[in-house]
Each structure stands twice: as C-alpha cells, then as structure tokens.
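The first chain written gets the first letter, and so on, giving A, B, C, D, E and F; residue counts start at 1 in each chain.
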Amino acid sequence: MSGEDFLSLAASITLVILSIAFILTTFRVVRGPELADRVLALDMLVSVGIGFIAVIAIKTGFTLYLDIAIALSLVGFLSTVAFARYILTHGKPAESLKKEEEAADA
Amino acid sequence: MIETTFAILIGVFFAVAVYLLLSKSVIRMLLGITVLGNAVNLLIFTAGRLTRDVPPIVTDEEASRLIEPFANPLPQALILTAIVIGFAMFAFLLVLGYRAYQELDADNTDTMRLTEPEKAPQPPLNY
Amino acid sequence: MHDLLQYGAGILILVGGLLALTAAIGLLRLPDLYTRMHAASKAGAMATGLMYFSIAITAAYALDGAVILRAIIGFLFVLLTTPVSAHLLARAAFISGYRPSSATVIMELEQKDIA
Amino acid sequence: MAASTHANDLTALPMAMIDHATPIDNWLVVLPVILCLMGGALLLIMRKSRGGLASFAILITIGVILSDAVLLMRTLDGPVSMTMGKWLPPFGIAFTADVMSASFALAAAVAVLAVLFYTQAELETREVRHGFHALVLLLLGGVSGAFLTGDIFNLYVWFEVMLIASFGLMIMGGRKIQLDAAIKYGFLNFLATTFFLTALGLLYGTVGTLNMSDIVRAAAEAPKVPMMAIASLLLLAFGMKAAAFPVNAWLPASYHAPDPGVSALFAGLLTKVGAYALLRSLVVLMPATRDWLEPVLVVIAVGTLVLAPLGALAQTNLRRALGFFVIGGIGAILAGLAIGNTHGLQGAATYAFNSMLVMTAFYLVAGLVERTTGEVDTRQMGGLYAANTPLSIGFLILVIAVAGLPPSFAFWPKLLLVQGSLEAGTNWLLAAILINSLLTSIAGTRLWAHIFWRQGRYGAHSEEPNDRLRPLGAARWGFAAVPTGVLVVGVLLLGLWPDPVFVAGRKAAEGLLNPASYIEATGLAQRQDPVSETQEAMDHTEATQ
Amino acid sequence: MRFLLAGLVLALMWAAVTGSFTFGNILFGGVIGFVALWLMRDRIAQPTLYRKFARAISLSGLFLYELSLSALRVAILVVRPDMKSHLKPAIIGYPLRVKSDREITLLANLITLTPGTLSVDVSNDRKVLYVHALSAPDRDKLIADIAGGFEQKIMEVFE
Amino acid sequence: MQDHLDFTIVFVALAPFLAGFVAPLVQRFVGAASGWVLAIVPAGIFVFLLGFIAPVASGEVVTASLPWIPDYGISLSFLIDGLSLTFALLISGIGTVIVVYSGGYLKGHVHQGRFMSFILMFMGSMLGAVLADDMIVLFVFWELTTITSFLLIGFDHAREAARRAAIQALVVTGGGGLVLLAGLVMLHIWSIDASQETGTWLLSDMRENGELLRQSALYMPILLMVLVGAFTKSAQFPFQFWLPNAMEAPTPVSAFLHSATMVKAGVYLLMRMNPLLGGTDIWMALLTVFGGITLLWGATLALRQTDLKQMLAQTTVASLGLLVLLVGQGTEYAIAGACLYLIAHAAYKGGLFLVAGLIDHGTGTREITELGGLMKLMPLTFAAAVLGGISMAGLPLTLGFLAKEEMYLGFSEAGGLLPYAVMAVAVLGNALMMAVGLAIAIVPFFGGLTHTPHHVHEGPVSMSAGPLLMGLVALAGGISVGWLGENFLSPIAHAVSGHEFHAHLKLVPDFTALPVYVSILTWALGVFFFWRLTEIRTGLKALLDAVGWTFDKIFDALMWGLVRGANALTQVLHHGRLELYLVIVFVGFALAVGMPMLVHGGWPEIGAMPDLTFYEWGVIAIALIGLGAVLAARTRLVAIASLGIQGFAVALIFMLFGAPDLSFTQFMVEVLSVVILALVMTRLYLDRRDRRVPYEMVRDGSLAILCGAAISVLLLTILQYPLDMRLTELFAATSVPIAHGHNVVNVILVDYRGLDTFGEISVVMTAGIAIFALIRMRGGGKQTGIGARKPQGREVNRRTAS
C-alpha cells in the first residue's frame, strides 16, 4: 500500500469517524439541558467541523480549505466567547425562563 | 446519481421551512426563513450539477485553465451572493421580530393586528 | 520520504479523528458541564491540533512554506483559544448558578467567593 | 513569463470580450443606478445637516431623471445595451434598456423626486439622521437597477436592494403599527424574493444561462414541463411582489402604516417592479409557457380587478383604501398581460407608467388630507371641499384617474386594454376591466363625498362644519403641496396629450412581443456560439506561438 | 546584527504567510518587518530576551506533553464502561503565587489544558484560583503538581 | 383656410373649458356681474355657430380635424351637420341664458365662482360630445359630462341628498358610459375587419357602411352596448331613477341638464347612430319598448309630484322616453317629429325650470300646493310660465304642436296595427305631460295668494329674461315654420336618417289628415287629467305607498349591499392573520411547482441507489437530525442550536462537493446567525408548544410535505436533462489567462459578474442602516404619521388598534 493510498484511506475513515462524532455532539446540543451545555457542544461541533475541513484539505490537496479552517476556528472561538458573555450577563434566564415556560405550560 | 438524494434532501428542507413558517410564532418563522434560505442555496447548487471534491480553482499552471472534472463555479458564485443577501435580510427580520416583541408584547402573529384590526369598522352606510 | 510523511499524516488524522470521537462520547456520557468541558477542551483541542499538524506534514514534502506556516498558526490558535473559551464558559456557567453534578467530591468554591 | 502569452490572448478573444471601448452614451444605461447607489453611500457618510442631505438627494434624483430621460430618447430608436466590465453577455452582466424599462425608470425617478420634496415637510430630524434620504436613493437605485438590468440573477439582486431599502423606510419612525406592518410586509416579500431565487436556480439548471437575451434563445429549446413550472413559480414570485390576487395581502396590511411620503414612494415604485418583471419574464423570456399560464393569468387578473375596488369600498382608513386602488391598478396590468396581444401589452405598460405617477400623487394628497384633518379615518374627516380648493381638485382628479375615466391619463391604457381584450376575445377580462372602473369610481366618489363634500365628521353633526380642520398653513406644508400639485397636473396633462406615451407604449409592447431587437442590442444574435469561437481563437493563438 | 537577522526571519515569515516567494514579496515583507522592529526597538533591546525565549520554549514543550497526556486520559476515561466509578470530580481552591493578571491568565489557561483540571474562576482578591478536576481523589497532590509544574515555569518566564 | 377653420372649431369645443378655468377669478373680480361677463363665451359660440346654419342647410357637412394621438389614429375631429349644429346651438344658446341666470340665482353664494366654472366646463363637454366625429373624442366628452354633472348635482354638498344624487348619477351614467366605451371600441374593431385596413375611429367614415354592420356578427353586441350607454345617460327605464334625484342641483343646473344637455346626450347618440345601427327589428323593438315604458312611467309619476321641479323632472323622463320611442320608429316623419320635439322640449323645459327657480327664488317654496295668486306679483314669471306651458301642452302656434303633429303623422303613415298601438302610448303620455304643463302654468299664478316663506317678489332681469326668451323661442319656432323646416328640420333629419329629407311644415295643420284629430284627442285627455289632478295625485300616492319600494330604494339597497358585502369579503380576504396569508402563498407554491407535472406528466425516473460514500450519508443524516430537532424543539435555545446544526451540515455538503468558498461563508453566516439569534432572541418567549391546534398542524404539515415533494420532483426532472455548460466552459478557459484569477468563483464574483457583488454590497449597507434605524427609533416622535397633534395622534392609533 503506497503512502498515497494509505492517506486517502485514512482520510476516508477519519471522515466516517468525524461524522459519528458530529452526530453524537449533535445529540448533546439538542439535549442540553442548559444553555452552557449547548454552547459547549456547539463549540465542539465547530472543532469537529474544523477537523472535517482539515481532512478534506488533505484528501483533495487544496490548501484553500486550510484558510477556511482557520477562519472557522476564529469564528467558533468568538461565538463561544460571545455566548459565555451572554450567560454571564443574562445567566438567570437559562433556568428561570425554563421554569416560566413550564409554568406557562401548566 | 448523487443529485437524486440531494433533490430529496432539498425537498425535506423545503417542507421543514414551510412548516416552520406557518407556525404563527415569529421566532419559529425566522428559523423557517433560515432553513428556507439553506434549501434554496442547496437547490441552486444541485441545479448546477454536483461534482465531488474538486473546487474550481486553477492549480495546473501549465494549462492555465480548469481541467475536468471541476465543480461548476457559477452556481457557487450565485449562492455566495444569495447567502450574504439572505443573511442581511435575516438579520433585519430578526431585529424586527425582536422590536415587535418589545413593542407589541407578543410573538404570536395572530395577536399582531394593529394594521388590520380584528373587527374592521364598516364604512358608514350613507353618502 | 514522501510515503513516510503520508503515513505519518494518515496516522495523525486517524488519531485526531478518534480523539474527536472520544471527546464526543465524553460530551454525551459525562454527568455535568464541568466534566464535559474536560472532554471538549482537551480531547477536542488535541484532535483539531492533530489535524492541523498533519496538514503541515503533508505540505512539508512540497516545502510549501505558506501552508506549513498557516497550519502551525492554526494549531497554535486552537491551543490558545480553547482554554480561554473553556475558562470563560465555566466561569460564566458557575456565576449564573450552574451547579456541578452531585457526584462532585470536593467543593471549595461557593457562589459568594466570586460574586 | 505567463503574462506575455496572456497578453496575446486578450486580442484573440473578440467573441467573448468587448473589443472596443464602450461608447460613452451607452453608460447612460447604468448611470441611474450608479448615481443612486453612490449618492446613497455618500449620504450615509455625511449625515449631519438636514437641509444639506435633502438637497443632495434631490440633486442626485434630478440627475437620475435627466439620464433616464436621455436614455428614453435613445431607446425610442431601439434598445440600448451595455456591459459592465469587459465581458460580453452571456458571460458578463449586461444592462439592457428598452422603451419600457427606460420609461418605467423615468417615472420612478419622477415619483421619488416628488416624494423627496414632499417629505421635507414631514420628516423629523431623527428620521433624517437615521438615513432616510440614503434609503430613498438606495430604493430608487434598486428599482432602476431592476428595470434596466438585462441579467436575471442581477434582477434578483436589485430586487433585494429594493426590498431591504423598503424595509428601512417602512420602519422609519418606529411606531407600533409600523412594526406590525413591517412584519407582514417583510415576511411575505422576502418569501417572494426567495421564490424568485428558487425559480432562478431551477431556470439555470434547465437552460444553463442567466442573461435574459440568452434565455430567450435557450428557453425555446428547453424541456417544456419544467419550463412551465418555472414560469408558474416566477408568476407566483412576481405576482406577490406586484400584489396580485390572491397573494396581495401584504399590501393593504402595510401601506398605510409608514409616513405618507413613504407610502407614496412604495405605492409608486414597488408593485410596478413586480409587474415589470412579470411582463419581462412571462412575455419575453418564456412565451412558450403562455398556453399553460393563460387561464391562470385570466383568473388572477379578474380576481385582482374585481376584488381590489371592493376592498377600497370597505375601508375607513384613507390610505388603506388607497392601497386597494394600487392593487386595482395592478389588476389592469395583469389584464394586459393575460390579454397578451399588442394592444393589451401596450395598455399594461402604459398603465404601469401611469400608475406609478398617479398612486404616488394620490398618497401624497392623502398625506395632505391627513395633515389637514388630523385624522386617518375617513369617518372623522369632512368639510375639506369648502375649506381647501386645491386639495379638492387634486383629490378629484386622482379619483378620476384611478377609475380610469377621461380626461385622466389612466383612461388611455384602459382604452387600450378594452381594445386588446375585444380583439383577443377575452370577455371575462373585458367585463372585469369595466367593472373595476365602475367599482373604483363608486369607492372613489364615496371617499370624496365623505372627506370633501360632507361638512362635518360622521355622526350626529355631519351637517355642521368641521371645526378641527387646520389649514395647510406652515410654509413647509405649503411647500409640500407643490410637488403633489405638479404631479397631479402632470397626470392630467399627460391625459390631454397622450401621444408620446402611446408611441412609447407601442414600442414597449412590440419589444415585448418581438424581442429580436432586444437580443440584438446585447450582441447575442451575431454570436451564435461564443464558447467554441473563443476556444478556437485561443487554440489558434497558442498554435502560432 | 540581531536586528538584521530578526528582520530577515520576519521577511521570510511574511512570504510564507502570503504564500508567494517572489523577490518583490520578500522585499516587501522585509520592509514591513524592519518597520515593525524599529517601532518596538526599545522592548527587544533587553538582554534577557533570549533567556526568556528559551524558557518559553521549555514551557511550550511541557505544555504540549501534558496536553497530549491529558487528552489521552480523558479519552481513556470516557470510553471505559465503568466510567462512573473512576469519575471523582472536584472543585479545589488553589492558592496562587503568581501575581500579575497576565500570569494568572496564562496559568489558568494552561491548567485548563492539563490532565484532569480546568480552571473555573479566580477569587475576588486574586489569591485563589478555583480549579475543577475531573478525578481528584487527593486535593493536596493536585495542588502540588500545579505548583511544581506550570506555575514554576511561568514564574521563570516572566520573572 | 381649412386649417384656420379646424383650429376655430376645435377652439369652440375647448373654449368653455378655458373659460371654466378662469371663471373663479372672474367671479372674484367682477362679483355679481360675473354671469353677464362669462356669458360672453357661450354667446360668442352661439353666434359663431349661427354662421353655419346656411351652409348646413344647403347640405354641406363641415368637418374639422386636428391631430391628437396620431399613433393610435385618434384625432380631434369635429363634424357640423344638421344634428350636431342643432344640438350645439341649443347648448350654447341655453347655456348663455343659464350662465346669465346663475349670476343672479347664486348671487353672494360663497362658491359662485366654482359653480360658474363647473357649468362652463359642463357646457364645453356637451358641446364637444355633440360636435365630435371621432368616437373616442365623443366618449371623452361624454364622460366629462358625467364628471362635471357630478360636481353640479352635488353642488349643494352639505346635504346628504345632494351627495347621494350626485353619486347615483355618476354610478348610473358612468357605468353606462363604460359599456358604451366597449361598444365604441368594438365598432372600431369592426371597422378594421370591414375595411381590412387600419380601421377608423370616425363615425362619418362608417356611416356609409351601416348595411354591412347590420349584417355583421358584431352588430348585436355593439347595439346592446351602445344602447346601454344611451339609455343610462338619457334616463330610460330602468335607469330613469337618477334623473329626478338630480334635481338636488341648483335650479339653473337642472334647467340646463334637463333641457338641452346631459340627458339629451343619450338621444343624440341614438340619433347619431341611427344610420349605422338603426332600422333593424331589434333596434325598433328595444327602443319602442323602453321608450314607451319610460314615457308612461315618467308622465304618470309627474302627476304624483307636488314639487314643481320634481314634476318637471318626471316629465323630462317622459319626454326622453318619447324621443327614444320616436327614434326607434325609424320612419321619416317619426324622426322629423323627434327632431322637432327635441328642439321644442329644450326650449320649453329649460324655460319652465327657470320659472320654477324664479318661483322658488321669489317665494321660498316650490310646493305647488302651497302656491297661488302669483300672477300680479310676478308678471314676467307668469308670462314665461304660460309660454312654456302652452308649448309643453302642444297648443297650436308652438313648437310643441308642430312636433306632435309630425310624430302622429309618423305613426299614422307607417300603417299597420303596431304603430297605432304605439301612437296610443304616445297620446297618453302627451296628455299626461300636458296636464303637468297646465298645472305649472296655471296653479301657482291663479287663485288666492298663499302664505309663503319669503315675501313674494319678482326676480332680477338676469333671471327672468332667460325663461321669457326661451318661451318666446318656443313660440317663434312654432310660427316661423318655413324657416325652421328648411334650416333645421331638413338637415337634422337628413343627418339622423341618413338620406335627404324635405320639410313640409305648415303653420296651419292639414285638417284632412289624422294627426290633427289625434292632437285634439290629446288635448282633451290632457284637460281631463288636469281637471282631476288632485284625485289622480292622491290615488297614485296611495298606490305607490302600497307598493312600498322604488327604484331609489333598490339602488340604495344595492349600494349598501355592496358596501356590506365588500366589508365582509375584505374581512375574509384581508383578515390580518399572517399565517393564513402564508398558507395561501404556499398553496400557490405547491401548485406552481407541482401542477405542470401533474397535468402534463413527465415524471422523473428514479435510478438505482445513489452512490454516496458513508460520510456523505453521515452529513445528510446530520442535516436531517438538525431539521428534525428544529421542528421538535420546545425551547428557543434548542431550536436555535438545532438550526446551527443543519446550517453546519449544509456547509459540509458544500465542502464535500467542491465549494470551499461557499462552505466558508456558510459556516460564518451560520455561526453568526446562531450567535445573534441566541443573543437577541433568548429574551423572547418561545412557547413550549406549537400554538397550532391539531387541525392546523395537519393542514400545515400536509402543505409542507406537498411543497417539499413538489420541489423535489421538479428538481429531479430538471436534473434529467443535460445542462448547458457554455458559461462554465468559458470561465474555466479564461479565468487565469485573462482575468488573472486562480479561484474561478472569486473571479466570477469580482469580474464576470461584478455587478452582482456591487448590488450585494448595497444590500448589506442598506441592511445596516435599516437595522440601525430599527433599533434606534423607539417610540416618541409623531404617532399618527401625519406629523402633528400628538395627543390625538395616539388616540387615532388606538382606534386603529381596537
């Protein structure tokens, strides 16, 4: 098996693994239960996405993808920071709003 | 054909978007708008035919042109424009929804009836 | 030499993928935000870092300086930003009243310490 | 090294590229758009002094009017086309103007000018500071772009420019009712443009090109069933924009909410762009789908024509009633589209031109009425006939104009539509057009009777003079009345001397039915197969090196 | 001389980042580099710079090693079927020795990436760093690890 | 010379409008004398037109034409033949009188200037309508009479009755006018078909081809449409009700409208169209039936009235019926009778209306039961009333008598039973009208003086001169039979019937022929009716009260029904519920996309299982999970986060299929969207449950599925055809060598399609302003959108809201 073949195979396998990771993370995003959990999971989602891009960059040989990955890192970071700030300033709603919603349900 | 799957996926996107848009709740409608935007972008992308992996970037300096196979660049350019425009629209509608919520105390489109009051007065029956 | 680099890169991305997978599993299995954060910020960051690194390796053969440099920058960027965001998020979550799970054995921090 | 060979290629590509400098006067085609957008951007940068901003916007608009007028003169001899950048269509984007687009653009700019003058009296400082004038210019830019572009995706872009600018204008003032109106307006209109984009994607997937002239060629060979669906989708999208029945709900829900000046702008400009796009796309681009769409068009046109004046009849809010008149006008345009022969299309194009001016003027007059009575509800108005002669004359002329009675200009397109429908044998449309005129005159004269003739407000004391009236007084309001008056008189004068518009309308209709000259203007007719010719030219160059 | 060398390195980095190793581009990078160096000439003129640089490298090395280790441990932990029994989370107050904000931040970040620990917050008086540990059977050992490892290195770098 | 004449004649038609424009100014400067000053215009026109009598009498037809809309073949063409000249003379002559009269009648009225303006314009419209040769010009002036009469009838605008009458007149005559327009255009289209050329708008061009038209398939629709136009204008049954109501107008208007103008326009049209459309059985039947009914209806109702103006108005209806009936007979004498009656009626009816105005002006009432003994106090008025009355009664030496003789001759000449039956109707109608004429000429002036609201006084000269003059004309016309016959009757009858006509009028009737005796019978009946007037009136009143409904009431009921129905319909169509609007939109979407395939077939073939790799399936699965989660989300945050997932999946799809730039942008936009959504929207309350009731869920769900399925199938169909890749080929070939860009997508964006990007930037910029304005503009400021009076503005807003 040549290096090229191996790399290609590894990339494909990694893509599969990453897909699974992506889906698992997705579950956490959906399940929550708190905003912070979701933000964390979304951050992870971005990480996995970056991994995706990186693997595709290797697979296709187009280095343009690298720029995308870096930019995505930046955006992911900023969004997490923004969320963290939000939780800090409007932290209460995360739990109390839920109660409100439950109250509204009843 | 790869496109078959995507045609169906796009259908699902459309269906979800439509269902969300009909939900009377401004937030859900906004989600619907986003999904619809994605659906349309995917549609243009698919309509321009799909090619795996190969971006339309010239790498072969000798030929100094794209060499088959390569992804169709034109739909990509169109979508790029559409995404940005769609995002601008989305941002506006989002803020609008927020302001409407603040001012009109509701997120329910059924109760937003300032412009078209529930019981519109009948014009007087005289001349 | 080229083959070797490619094998290396392949192994690296495989390891990275597996790390990402375990991070995702951790995210699912661990009981509370703080413990999950361990999984995401460590395994997750490492996974991403490895990916960047393997790009740098594949580019090394072609001596494509720009790509190597950018890959390294990306790698460094991930290492720098992941802890910052994790720290901020943990702090925010704690201040906003997120309690650690009941499994926590030692609890020295109280809300009043930082309010 | 690479650069040298490429330099040679430049000369070897005459088929895809412009091989000569664009004549200066062809720049006229894009000049209106460029002026507006640049003006809008400049206004954003300098949003300090109130008077300065308005004057600048007015100056720009006058420039736009002049260039539109010159362009219209040019297009009378045949369509004018120009390419931005060096790529000829279908590769690059071409701006192509024929009589219809140029005259519509001209009418739009005139309406904007009137509104700019009018709003001098109405605007608050904060509205000016939040970019009112910039938004108006951007709106005009979007509208002009939509009229003048020759590329269908570019048309979409201008639609969006127009839409977002109208969003901004819709909420200018920040009243609650505006927010509610903006929600309805916003969602429904954004959906319409999204449908347009969907249709565009499908269209590209079917014919593989975006230039309108090129689509004409390609659509003839395209598979029939998908083209029908695409045409239907375009009809839906543009029908929504044009406020055609039954997807016109957004218009009566929103047009009375913003300031009267803004309403006037919307009434004059927005729906007509939709109507223009309908004419352009269904008649020029996809004539083959006509058989399929014709019954639908008839139903839509009849519904719009008949239901719109009924809506106006049922309103007590003056500007909301006017909204239905706008729809009625769209019904006439749709009727022309459904009739489909030369006279029908001539009527449709002429009516659209007329409607832009008339509806703008009508909303401005309504603004003055609201200002004089201090009310928006017709039941609370009254007594204006005795109190304000010019306003009475203006309102009456406009009632006549929306009803399509002579001597207003609107009569002539109605006449053309009647002739067209008689020639085509579309009796339902004929009946609907006449019923529309009758119902509109009922609704209009009732408004007139309630607002002007009735002495006082509705109720027990309606015979006593209305003591709440305030004279337009204050110099700025007097000034606001001037552009309104000019517009009204203009409509009347056009009605008395309609020949030029007839000529323009005929050329527009002929251009729609026979797009050969339109295609020729873009140069596509001469270049049968640009790609392979380009390819050959390039190969040749390489071979000789 | 050092100044020139640094400038050259900067020029090459510029070329690498922009992805074009043409002469013009390198020259351009050089010019920018020299301007930048000239602007901050006061700060780089310190003799301790090289020592600090070496220590920073050392810190990075430790960090990378610890990071790999911690990633591996977390990975192993979460895939164990009996994860629950090995999981002993704790929040521990760690008495800080470093003083400046810059150092605290760096330490907090590094702690986050080291095995089993995650910094949660700093007390109001900046004396205690609260650390969350994934598995902390022994509080004091953990504190000792941190004090002897990263904190030491950081203090060396920043002196 | 011809040019000069063209301009002059066109100017004649337009001059009243110019005078109308300056009338308010004139009124302001000269005040009460404005009537005399402004009368110069109609008088001048009258004198100018007198000059045409001789040439027209000698058989000449004067035409004048100026180009108006050459591109559409419409010209300002006017034609002066016997018919139009007679009408024009009547209009301008009576117009002169009316203008002078109005100067006195409305003295001191605050809107006198406005009134003068309207009446002059109205006169101009009528003149234009009767002189026009071009059908469209005719129609334009026709509708102008509708509009100006609307303003005149509603002149006394403070009273609801006046407003109602004005709207009623506009609706009826305007509606009829629209139908007429269709008829005229159809006539034009027929002329295209007939001549195989461009066709003509000129009535004079078509006259010769009447025979052709009557055989054409278009004849029937054209006839019906023209008749509707004429009947509504001339107040024929069942459209007669608007005319008596139009009495709400000031008296000079009534006099003008009812004598020579407006209502006569319909008769004019019938006469004008007679050579083209007349002579067929259907023409005769329709005109006779409707004319006859109208005649009897109007004459009977006239007896029931007590208001002088109402009595006159109802007799006008009757006279119009008689005219229509006569035109319908088509025989030479009937047409001659119609022509004579037309002139006679114009003269006496105008005079009598003015008399009614004088009585009103002098006593303050028009109730015939409250009047009496005015002869001494208002001698001039009395004289005028007597002159009008005898002409209306058709006593010898008057124009009315001549007309009656001629029409009876027309019936008796025709022979057969049917004409006699028609003649009986005419006799009855004439007798009833005579009774009314006698009542007006006698009752107010004889007997004892009654108490009236005003102190009884004679009107000023400006007011009494007119009616006297008109009465005298009616008398003089009756005496100068030879001159009249030669100069008016012959040319007018020629114009109406389309062939030569020789007048044979005699001052002394031919006692050997039937008509004289029929006239005597008419007088006898008339006297009888006058004698029993009170009884008849009481009887009719009881009868009408018993019936209970009138055309008026029906009209009102229709109007209110229309308003109510419109309101109900608008509530249904424009209910203000956004989601239902959207339902309609999406139904439209599903239909638009799906119907073509349902109807025309062409379903796509679904091939074998698509060859997607595992990770591609994975990405699709992620997208589906995201979508599902968005749908299932019960809290806003879950929804927003799920939204992010599907967005990411889309970005991954873009990446997997060679679109890195897209993927990047999508990632960015998606993250930004989610962040902004979370930041902005977490404050909003997202109901846990969907607010939809199960029925709505099913409806929306199935609609959603339909939309999705339709678009899928359509896309699949399109994908079955090969795509024309010419554009892409060129981009691929030229991107590097010419545009110097390696990333073709970027090259397209900035070079090939740079203008799109330009627009896109504009959108983003504009969105920035709009959002900024949206956030910064909160409350405050003006609330109504009308710029002033804030406190009340709020009120308005609330009103709209409630």
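Here is the rule we go by: contacts are C-beta pairs under 8 Å (C-beta built on N, C-alpha and C of every residue); 3 or more make two chains touch, one makes a residue touch a chain.
If you're wondering where the values come from, they're calculated on a predicted model, not measured in any experiment.
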item: Chains in simultaneous contact with chain A and chain C; value: none
item: Minimal step count in the chain contact network, chain A to chain E; value: 2
item: Furthest chain, CA centroid comparison against chain F; value: E
item: Chain pair with the higher count of C-beta pairs in contact (A-F, A-B); value: A-F
item: Approximate Å spacing (C-alpha centroids) for the pair chain B, chain C; value: 33
item: For chain C paired with chain E, centre-to-centre distance based on mean C-alpha positions, whole Å; value: 14
item: Whole-Å separation of chain centres (CA-atom averages), chain B against chain D; value: 24
item: Rounded Å distance, chain D centre to chain E centre (Cα mean); value: 62
item: Interface hub residues of chain F, defined as touching at least two other chains; value: 160, 163, 167, 563, 567, 570-571, 574, 576, 578, 582, 589, 656, 660-661, 672, 683, 685-687, 711, 715, 718-719, 723, 725, 727, 731, 733-734, 736-737, 743, 752-753, 756, 759-760, 763, 766-767, 770, 774, 778-779, 797, 800-801
item: Of all residues in chain B, the ones touching two or more other chains; value: 21, 26, 43, 46-49, 53-55, 57, 59, 64, 74, 78, 81, 85-86, 88-89, 92, 96-97, 99, 103, 109, 112-116, 120, 122-123, 127
item: In chain E, residues with contacts to at least two other chains; value: none
item: Set of all touching chain pairs, with the criterion as stated earlier; value: A-B, A-C, A-F, B-D, B-F, C-E, D-F
item: Residue ranges of chain F touching chain B (in the complex, touch as defined); value: 160, 163-164, 167, 560, 563-564, 567, 570-571, 574-579, 582-583, 586, 589, 606-607, 610-612, 616, 620, 623-624, 627, 630-631, 636, 639-640, 643, 646-647, 650, 653-654, 656-662, 665-666, 669, 672-673, 676-677, 680-681, 683-687, 690-692, 696, 700-701, 703-705, 707-713, 715-716, 718-719, 723, 725, 727-728, 731-737, 742-745, 748-749, 752-753, 756-757, 759-760, 763-764, 766-767, 770-771, 774-775, 778-779, 797, 800-802
item: Chain E to chain C touching residues, read off their complex; value: 12-13, 15-21, 63, 67-68, 70-71, 74-75, 77-79, 83-84, 87-93, 108-113, 115-116, 118-124, 128, 130, 132, 134, 136-137, 139
item: Chain B contact footprint on chain A (complex, rising order); value: 56, 59-62, 64
item: Residues on chain F engaged by chain A in the complex (per definition of touch); value: 613-615, 618-619, 621-622, 625-626, 629, 633, 635, 637-638, 641-642, 644-645, 648, 651-652, 655-656, 660-661, 663-664, 667-668, 671-672, 674-675, 678-679, 682-683, 685-689, 743
item: For the chain F and chain D complex, residues of the former touching the latter; value: 68-72, 110-111, 114, 136, 139-140, 143-144, 146-147, 150-151, 154, 157-160, 163, 166-167, 170-171, 174-175, 177-179, 181-182, 185-186, 188-189, 559, 562-563, 565-567, 569-571, 573-574, 576, 578, 581-582, 584-585, 588-589, 591-597, 600-602, 711, 714-715, 717-719, 721, 723-727, 729-731, 733-734, 736-738, 740, 751-756, 758-760, 762-763, 765-767, 769-770, 772-774, 776-789, 792-793, 796-797, 799-801
